[in-house]
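Encoded as structure tokens, the structure appears first; notes follow it.
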Amino acid sequence: MASDLPVLLAAVSTLSAVHLVFQARRVGWSRMKHKILPPSVTGPPEFERTFRAHQNSVEMYSVFLLVMWISGIFLNEVLAALGGVLYIVGREMYFIGYIRESKKRLPGFYLVLCALLFLTVMSTIGIIHSFLDKYLNITLLS
Amino acid sequence: MASDLPVLLAAVSTLSAVHLVFQARRVGWSRMKHKILPPSVTGPPEFERTFRAHQNSVEMYSVFLLVMWISGIFLNEVLAALGGVLYIVGREMYFIGYIRESKKRLPGFYLVLCALLFLTVMSTIGIIHSFLDKYLNITLLS
Amino acid sequence: MASDLPVLLAAVSTLSAVHLVFQARRVGWSRMKHKILPPSVTGPPEFERTFRAHQNSVEMYSVFLLVMWISGIFLNEVLAALGGVLYIVGREMYFIGYIRESKKRLPGFYLVLCALLFLTVMSTIGIIHSFLDKYLNITLLS
């Protein structure tokens, strides 16, 4: 195996995947607690908030993985992995907060948005730099 | 940074990610307009159509990224990126059309399907070619 | 094109993408059968089970792709591709079973979980090995 593989990105990605599956698991526990049998996805507010908290993670998950990998490969792996860890922390805060009360999802949500913004800006810089280098032969960064 | 990174695929992917987050944002605006508080996802037909338009994008997003990257890496990056741009245009047509009326989502939907079909066929050709080359030592394309 | 591209991972991924789109197609057929017009996602139990069966595939799809590619690139491509095939078989069993009766989704679900667990364990081993090699210069496996 090559030693130049982006192992930090792989590690944070795998951690985020385990975290997402653990959120799905907690939706399952909420189903049991409130006796909501599949395929129903409606019930008491606490169950619906738990269900939607997981759904929101699912909706953004591909976007997160994409910008983390692109920023890590096109710009800086360590910073991208740090952005990824921030994102996971934000996701957990969002999930725990949302279960308690709809408004309490917001601090985690803003952290998630900050992490995504950070990774998207890094991706864009990396792409522009790489585009200039590859197609126009201009080197901006050393 | 290596200058042989697939920067066109990265650029189109990042654009598609920003587009998907922008769709999620418009679902949020529709929540405010119709005063639908999370976690509820039901309400007036216009809100439900906006919500489902975004959900449909989410459901297909990983499939899109996958076939774009595979066709771009295993066959031709420029064609794959073009297919990706077509897909994003189709997604926007789908979203705007669906908000107005359920039937008006169809032109965008057909464009999305065409783009996915194009990328899937390209992926399949690239995979078959690469498989023959790697495991059977047969070179079909120069 | 380089002959060292992970063509088996690409092939299984493309197959899984076609399978996921085929599940979406069957949700569409179920809409027609039960005359449920978009954007509605509620109706007779059979329709709701079909809808949720597809949704469950969507929820886990990115996680599946991620751990298959990481385990394939960081540890062993053939074993990862086999895990991927098992996952697709489990997804089809889950889908077919769920449509008939909620409880009949379980055998497929357990197969899906086994495949994900297998791929996640492989990913973790590959990441640890690669991390030790890259950052601490320790080689565990030959």
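When the chains are written out, they are named A, B and C in that same order, and each has its own residue count from 1.
FYI, a contact is a pair of C-beta atoms (placed from the backbone, for glycine too) under 8 Å apart; a residue touches a chain by one contact, two chains touch by 3 or more.
Source: prediction; values computed, not measured.
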Report same or different for the subunit A and subunit C interface, where same means the shared residue numbers exceed half of all residue numbers found there. different
Could you say what rotation angle superposes subunit B on its sequence twin subunit C, using C-alpha positions and rounding to the nearest 5°? 120
If you average the Cα atoms of subunit A and of subunit C to get two centres, how far apart are those centres in Å? 19
Hey, what residues on subunit C touch two or more of the other chains? 58, 62
Applying the document's contact rule, which stretches of subunit B touch subunit C when the two form their complex? 45, 48-49, 51-53, 58-60, 62-63, 66-67, 70, 73-75, 98, 102, 105, 116, 120, 123-124, 126-127, 129-131, 133-135
Which of the residues in subunit C come into contact with subunit B in the complex? 1, 3-5, 7, 10-11, 13-14, 17-18, 20-21, 24, 37-41, 54-55, 58, 61-62, 65
